[in-house]
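Lettered A, B, C and D in written order, each chain numbered from 1.
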Amino acid sequence: MDITLPILILAIPITMFLVLGIGGVKMSRKLAGILGICGLGTTAVLAYIVALTYYFSGDANFIIDGVRQQYQVFDVTWLAFTQRLVVNIGFLLDPISALMLIVITTISFMVHLYSWGYMEHEPGFQRYYAFLSLFTFSMLGLVVATNIFQMYIFWELVGVSSYLLIGFFYKLPSAVSASKKAFIVTRFADLGFLIGILILSYYTETFNFVAMTNNPAAVLQEFGGATFMGASLLTWAMVLIFTGGMGKSAMLPLHIWLPDAMEGPTPVSALIHAATMVVAGVYLVARMFPVYCVVDASLTFVCYVGAATAFYAAVVACAQIDIKRVLAFSTISQIAFMMVSLGCAYDLPIEGVHYSGLGYMAGMFHLFTHAMFKALLFLGAGALIHAVHSNNYTAMGGLRKYMPITHWTFLIGCLAIAGIWPFAGFFSKDEMLAAMFNRHWFWGAWMMMVAGLTAFYMFRLYFLVFWWEENPHYKEHKPHDAPWQMSLPLIILAAVSFCCGWIDFGQFVTWNGVPYHIHIEWVKVAIPSLIVAICGIALATRMYMKKNDLPTKVKNFWPTLWEAAHRRFYWDEIYMFITHKIIFGIICKSIAWFDRHVIDATMDAFATITQKASYAIRGMQSGSIQAYVLWYFFGAIILAAITWLCLI
Amino acid sequence: MDSVGNIIVYFVVAIAIVVFSIKAVTTRKILRSATYLLFVLLSTAVIYFQLGYQFLGAVQIAVYAGGIMVLFVFAILLTHKPNDATGIIDSHRRAIGGTVAVAGGVLLLLALFFMPLLHGMSLTECIASGQQITMKEIGDAFTGSDRFQYLLPFEAISVLLLACIIGGVTIARKE
Amino acid sequence: MDLSMLWYLVPSVIMLVCGIYGFITRKNLIAILISLELMLNSADLNFVVFNRYLFPGSMDGMVFTLFAIAIAAAETAIAIAIIINIYRSIGNTDITEINKLKY
Amino acid sequence: MFGNILIWFVVIPVIMMAGLGLCRNSSMNAIRSVMVVCSTVLLGLSIWLCCDFLSLRAAGVDDEMLFTGSWMWYAPLNIHLAVGVDGISVLMLMLSSVIVFAGTFASWKISPLPKNFFLWFALLSTGVFGFFISIDIFTMFMFYEVALIPMYLLIGVWGTGRKEYSAMKLTLMLMGGSAFLMLGLLGIYWHSAPEGGQLTWNILEISHNASIDPDWQKMLFCFTFVGFGVLGAMFPFHTWSPDGHACAPTAVSMLHAGVLMKLGGYGCFRIAIFLLPQAANELAWIFIILTGISIVYGAFSACVQTDLKYINAYSSVSHCGMVLFAILMLNTTAMTGAILQMLSHGLMTALFFALIGMIYGRTHTRDIRQMGGLMRIMPYLGVCYMIAGFASLGLPGLSGFVAEMTIFFGSFQDADTFHRIFVIAATCSIVITAVYILRVVGKLLLGPVQDKHHLELTDATWFERLATVTLIVCIAGIGCFPNWINETIQFSFKPIIAAIQGVI
């Protein structure tokens, strides 16, 4: 393949960033917006060309005997640590990176377009587009990484663009602290990632994904059974690398930044905190999947973390009043779904049939569909916020008459996420559940319960916003649908969410590149999960469609639980306690105190003692000749006496 | 065996030196102190004569006892009112000074007594064995530049004295 | 009874220690100068005595003493000039009052 | 003698001093033009040297040192003015000239006594340049001292706050370090040749003779490493750094943190490790502990400071600790990382101090509690500050990332548990760094404006922009295209690594 297109895919967004970032101050809003949208549009077109070429051209680089290949379009040396450990910057095309190219550029383009309407009156519009371009660049660089270090590089860049975008409204202290929190929490996770890379690369002596994943057994061999605290080092490495993913994908216990990240502009939440950046963790696991497979302990770890997070986030989502937070927790829960799916995916024969990599395919499928409908939901939420100027559903209710486009698209999104046939979420969720049941019935049952909760809280949100009762404020300030720049992406994404489930995803993305035909197991999985989802929806309908006192009753049934769920089970308080009280209050303060009052005081004490001593003996320098003579003779006599004694 | 005359002269002079030295540093009246110093210097001159250095003795009397003492007396008169007793520094300083002086003296005297070299030579023999120092020899010694001749120091002294004259004038000048 | 070297050195030692004592204990600058002269004189005497007894053939000690006397004279002259100057500026010649250059 | 390009690095600052001497204190323009011309010439000279050097290397000249020259200076002790550079010194010279250049613009409006300020500044740079070009350890030491002394006056006269105290503390502590250093250097000299041979101060000759007795090496290693370590702000000898930096005027902080602290790291590997490899192998662990503490300790201390300069000074302790830490790992990759970190930290801290100076010049406070929302008021400075912050916390694309990663990956090559534990502890610093950088950025630049008077302040002037842009370009340049620097450094480490491995 010609390397021009891939290079352009990376070059255009970063150029846009530099142009808008440096020259943005001098530009009009309109010019900046058009530049940003056109740039991203071009990138999207190029990305589509590259991805579709990869999937459909049948080129020998891409597919051999029906097996999809990994192909490095280019891979140039960036930094050589040692002779063998070399960091390259490259462009890897394989099923998942091509998929991600499509997802990222699509969502990003939608968000660019949407923001033109949404951000129209905000100061710093140019800066906003610059940051969006930076983010798109970093995310694209991340997914096409040929090696784990390149991924780490872009991983950090993604983190920083997320920081910049969350803190976009930098005059608000809450936005500032949210952005700080997001960066530091993910940075902490990245520490694990980094240590994981350190361990992994020390043994494999390469960063390259292709080299590692094509022969995971060799990787295992290179570790040679090295262990640390009872687990093999490779397990440690993979778990630590996964920690990085946990941070970015907001898995328990590193999830705390994501709800706060909703302080950023809503389109940003749609792009970064729903569709693209937060799935980087899933992508990372998928990328290293063959290596994870050889150490199943690490994959099991992924499973447990995912399952716990999915349930936790779903429960918390039921008790939030900020619509963006509900969506944020729903995102956490859905990503956890993907994690569990990946965790359940490894090659395990059950009753003689290899369900190898079903979960992998399903996880990626869900990543794809989730990106679409979650972006849709967020953008819809953005339209709502744009209309009522509040994030809380208490300021909404009965909006279906005022905002029909938003209403219908939002409903499609809710149905998709709840997994109702024939919407996109149904297909991907079905495959995931099938994979989980294959692994062990527990995972399937547990996640099915989470799916039911998902349907419940999404429809709770939907009804509270669009039904319930009309908010009295509408009389003074009548809400209306958003302008076309905002509605168009909603409609497009709704259309995609509606139909993208019908794609035969297994033909494109599988863990080993061998195409696979999706067949839906209606009896074992699909119908039970549909029933669960419909139960959830029905419950939500009963409770929230018309204004009634059932929610209050439920709340008062066990108020402590509701309060705990509303306060997100006090994770933030725990973190606050650890960071502020322990780390800042005890460790940092005491170190600073130690530095001033012990180390520095010791140094000062040397000076003080010297000074004191010289003050003490300066009296001897009395200026009185007589005293000098006295001392002189005194000394002379003593010396003479000594000499004499010695001579005798 | 030295002559009795020599011995008597020695004892008179030695006792004078000891007594007047002590008096010179213990008396409270500064003019007296200067006078006692004069006596010490004169006694020393006598010893020089006794040792056979007549020229040196003469110089001692002329320069020291004559010139320097006049300077002293003038200085004292210029800086003191009549009957102006000069204080001696507080008693503990005196005690320390006395201790050091006595200790040093005892140490030195002990050293002298234990030094065999110093005993058993007679003055008469020494004078007899040595050459007679005439003015001519002294003159030669000061004006030659050979070994054991001292033209250069002599000239240096003259320059030094000149510098002293100028320095003295400069320092003592009013304003 | 011989007048050996020892006999001459003993008064010299006593002169020296008197000089030291006087130098340490006197307050008056002129008195200190007088003590100094005592010490110098004792040194002169030693030179001469050693010259006479140990090197009777030469006259180095005597010459040294001559020079010492000359230098003592010069030194005294300068010292007295300084003392008179001090007297002019502070009104007395008490060494305990002259400590402005102490530190 | 003047045919050697390296000599000009010392001659030009001297000319600069002479030129300044001719100016009157009141004619600011004359002073500025002398400074600008000379610092530009220096910058040009260093770029020329770099090109020359790289082309010679490309042509296959693989001597340890290029552009060597040696002139007898004091025959009885065999002291020469010996000069020569390898890739590392070339980079250090570039760093210094960039910072002198930026420093000139950052102190554009210095007062009072601008002429005297720049005179001392020029003397300081003479010392720095002289240090990097020398390969005779005595001459090196002399230039080192030349660089230290002006610091006292620059801080004491033009500083702020408790300037006399800080200046005194800084000078005394560094002088204390020099005392150790002097002992070490003398020891090396007296053992520099086999019995009866001609003693020498020349680094290359000493390393070829390589005859120092192991027991002596241990003692001398401690002396020299501590001596240079004081300048490199090694725990527990770092306390001059916060006070000194906090009180120093802008350009001095820049030059001090940017270049002078690098003298410490440079000396550590060029003298302590290169000439005493056996001791380095045996005793590295002691200093790994100390520098490991420096890294984490400095970062934690920075978290609770409220004075901008203190934050940066502690951050310097942490970053410079990283330099020494990496040097002590005694392998090519980590040491390369150390050099990269020196360059990166030099540029980044210089940028930080320049910006702090500019902000302080406007708000007249450095207390972050009294500032806020400056991004709105002075967006240019705010953005620069953020870039410096990102460089500090290791954002890819800026120099800090490259340096830190090279250090971590290099350090991880030592496979025993002791090293591993310290490497992992050191990696933790990237999180703590993020914490304190974002804390400052959040309080200083973002959020609501704390003081209404700040709303009337202005953004950067042209000379301030020039100073910052120069530094940012270098930071981003290293961050985006690190490999040529990396290769240059790695090549230069060959003899040092050979010396270390020769004794394992």
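Worth pointing out:
The definition used in the following text is that contacts are C-beta pairs under 8 Å (C-beta built on N, C-alpha and C of every residue); 3 or more make two chains touch, one makes a residue touch a chain.
Everything numeric in this text was worked out from a predicted model, so none of it was measured.
Chains B-C form the pair with the most C-beta pairs in contact.
One inter-chain figure worth recording: chain B and chain C are separated by 7 Å, centre to centre, where each centre is the mean of the chain's CA atoms. In this assembly, the C-alpha centroid of chain A lies 37 Å from the C-alpha centroid of chain D. Remark: chain B and chain D have CA centroids separated by 69 Å (rounded to whole angstrom). One simple way to say how far apart two chains are is to compare their mean CA positions; for chain A and chain C this gives 96 Å. Counting only residues that touch two or more partner chains, chain C has 20, 24-25, 96.
In chain A, the positions touching at least two other chains are 626, 630, 633.
A list of each chain pair in contact follows: A-B, A-C, A-D, B-C. Listed in rising order, the residues of chain C touching chain B in the complex are 1-11, 13-22, 24-28, 30-31, 33-35, 37-38, 41, 44-45, 48-49, 52-53, 56-60, 62-63, 65-67, 69-78, 80-85, 87-88, 92-94, 96. Against chain A, in their complex, chain D makes its touches with residues 168-169, 172-173, 235-236, 238-240, 243, 297, 300-301, 303-305, 332-333, 373, 375-376, 379, 390, 393-397, 401-402, 405-406, 408-410, 412-413, 415, 423-424, 427-428, 430-431, 434-435, 438-439, 442, 445-448, 482-483, 486-487, 490. The touching residues of chain C, when paired with chain A in their complex, are 20, 23-25, 32, 95-96, 99, 101-103.
Within the complex formed with chain A, the chain B residues making contact are 89, 93, 96-97, 100, 103-104, 107, 111. Put simply, chain A touches chain B in their complex at residues 626, 630, 633-634, 636-637, 640-641, 644.
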